[in-house]
Amino acid sequence: MGKTRLEAFSDGVIAIIITIMVLELKVPHGTDFESLTPLLPVFLSYVLSFVHIGIYWNNHHHMVHTVKQVTAGILWANLHLLFWLSLLPFATGWMGENHFAALPTALYGFVLLMAGLAYFILQKCIIASQGAGSILAKAIGRDIKGKFTVMLYITAMLSAIFLPWVAVFIYSFVALIWLVPDKRIEVLFAE
Amino acid sequence: MGKTRLEAFSDGVIAIIITIMVLELKVPHGTDFESLTPLLPVFLSYVLSFVHIGIYWNNHHHMVHTVKQVTAGILWANLHLLFWLSLLPFATGWMGENHFAALPTALYGFVLLMAGLAYFILQKCIIASQGAGSILAKAIGRDIKGKFTVMLYITAMLSAIFLPWVAVFIYSFVALIWLVPDKRIEVLFAE
Amino acid sequence: MGKTRLEAFSDGVIAIIITIMVLELKVPHGTDFESLTPLLPVFLSYVLSFVHIGIYWNNHHHMVHTVKQVTAGILWANLHLLFWLSLLPFATGWMGENHFAALPTALYGFVLLMAGLAYFILQKCIIASQGAGSILAKAIGRDIKGKFTVMLYITAMLSAIFLPWVAVFIYSFVALIWLVPDKRIEVLFAE
Amino acid sequence: MGKTRLEAFSDGVIAIIITIMVLELKVPHGTDFESLTPLLPVFLSYVLSFVHIGIYWNNHHHMVHTVKQVTAGILWANLHLLFWLSLLPFATGWMGENHFAALPTALYGFVLLMAGLAYFILQKCIIASQGAGSILAKAIGRDIKGKFTVMLYITAMLSAIFLPWVAVFIYSFVALIWLVPDKRIEVLFAE
């Protein structure tokens, strides 16, 4: 089984996830600025999730590029990742519509955390399929950035209970460190 | 007619089906754990359907891979399969929102059964197009796993009327036997 | 400009159209057979539209396959066709939810008619781009089936005002004559 | 990183955006002409946005075709463009449902303006990646049409506050000048 269709299917699912999130931005009835105000947190959540999904798509692309043989393990690890990403529109909508309330903001972090772990598992499956001297294993190294992200997600989830905005700040910070070109950040954290 | 566009179109439809199911997970108004509770059966239904669609996509991929020439029969048998899969979000939503009530749970099994039969018909069309010495025919053999699945679906539908949770258990069991790598299970049932 | 991306984009749009139509099948609140009854006409409309979109996808595929050079005309004629097809979910929903009332049933025919004309225009653009000795022109001949279909749509629209079910019968008949393998039907109508 | 997956992902997102816009055309409850009347502005907005997205897809296609190497900058500039395009269904729905009221019509122009700027940034990124002697840079020249469009959008946004229909006229005019084959219009504006 080649990777073309795995990529095509993942692209399709990610494209749909990134787009249906916007459906949570319900068209308001009024026509003044006040009718847009309650949509602001929904919009901010949308931006945050859009960037996260964009990062996943980008990294997924690079990672799958190194795949030689699509095993059953890779296939299901990939579907597992898509499953958690598919819950992001729900978590985004709940967090946004409730103006970053405690539990919705924590759940948002939980979905991100699970997606992060699913990504980690997919990574492990691909490395396992490539055997010793895996290109992906070399590129990732000790994966300090990945481990740091998981720690940040857990910190954010816990702080969401008391200080939801701190959690939102951490989610944004995670997006930022993944947006900035990879190499230098990795060095930064490795030191 | 090549198979590339058949694959691309099927991937597109399956990607959309697997993703729009999540729209049934309506964002609740409350922000506490209690407001999530009624969503639990909807979520479980979603997981069950996600796995089923994932299995179909996986198997569809392998099966279409053996196609040499896309005939009109294969094309319509494929659309027929996509039709029944497209009804799964509706059946999933009805079952989940009604907390696995009798009729919705039976209908869920009916849609799975029809999708299974549609898959079987597509399989027959592909084998017919490949003539004697078909690769697919050899790979499938007596298709004991397929026939066993149909029997399980019918059992589940009937039991759904009296014991819906037994039906849900059987649906999950079917997902499980298809998730586990093919070969060994086939041998298991063949014995 | 190659045709690969034209095909990919059309496949994407058609896959989404065929799938979002199912969203009109709203999950009912009851759990008995009676709660499904009002959905029956919606379901029948869905089946009818699914088959129509399937036919369009199939024929579109064959037609675009003959394209050598994608001109601006072909590109916009293609988007024009996708535009009318994109209105089919709306027309399907309106007809189905109103149990094949007069005006919705006539509008359904109007959307099909416009899609048919858009397909005809796309066909003309492709033939024009291929110049004398066009493969497509030869394959289509005098296009008696196409012209007959347009006549059937107009007849159906008119009869929908007084006898909506006759219109629905004609729409189903059109689907049938396009489902049956092309060549023989063409000969049948040509005689 | 090749451009194939960038194109595929963009095609997917654009195909979904162009199609989910039609979901704003909510199926009316009545079955007479009067029940369709309030949908007319929603429909007109849909047509306007459909054409705009069609133009973006078309131009995006041609522009990405000249890409040799997909840099991180191009990738994120592309996602940035898709982000603004993904807000068009919301802006279209708000403008249409409020019958071209002042603020919604101005916001519609704002989203178009931001998409236009995002397109401009993507263009700059691609030119930068191609270095001196860039094919794209030559094809675009001084980009008078692009700059003129930005000016038109700003004019439309301002006029939307007092005369929304003038804004709608300008949006339609912009669509028209991009629909008409490129070369000749460019010469027209250059003179």
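We just call them A, B, C and D in the order they show up, numbering each chain from 1.
Note that in this section a contact is a pair of C-beta atoms (placed from the backbone, for glycine too) under 8 Å apart; a residue touches a chain by one contact, two chains touch by 3 or more.
Bear in mind the structure is a predicted one, so any value in this text is a computation, not a measurement.
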Centre-to-centre on C-alpha atoms, which chain is most distant from chain B?
D
Chain A turns onto chain D (C-alpha superposition, degrees, nearest 5) by 90
Could you label the chain A-chain B interface same or different, taking same to mean over half of its residue numbers are used by both chains?
different
Dist(centroid_CA(chain A), centroid_CA(chain B)) in Å evaluates to 27
For chain B versus chain D, what separation do you get between their C-alpha means, in angstrom?
38
Specify, in ascending order, the residues of chain D that touch 2 or more different other chains.
8, 12, 15-16, 20, 23
Which of the residues in chain A come into contact with chain D in the complex?
7-8, 11-12, 14-16, 18-20, 22-23, 25, 27-28, 31-33, 36, 47, 50, 54, 57-58, 61-62, 65, 179, 181
Quick one: in the complex, what on chain A touches chain B?
1, 5, 8-9, 12-13, 15-17, 20, 23-24, 72, 75-76, 79, 82-83, 86-87, 89-90, 93-94, 97-98, 101-104
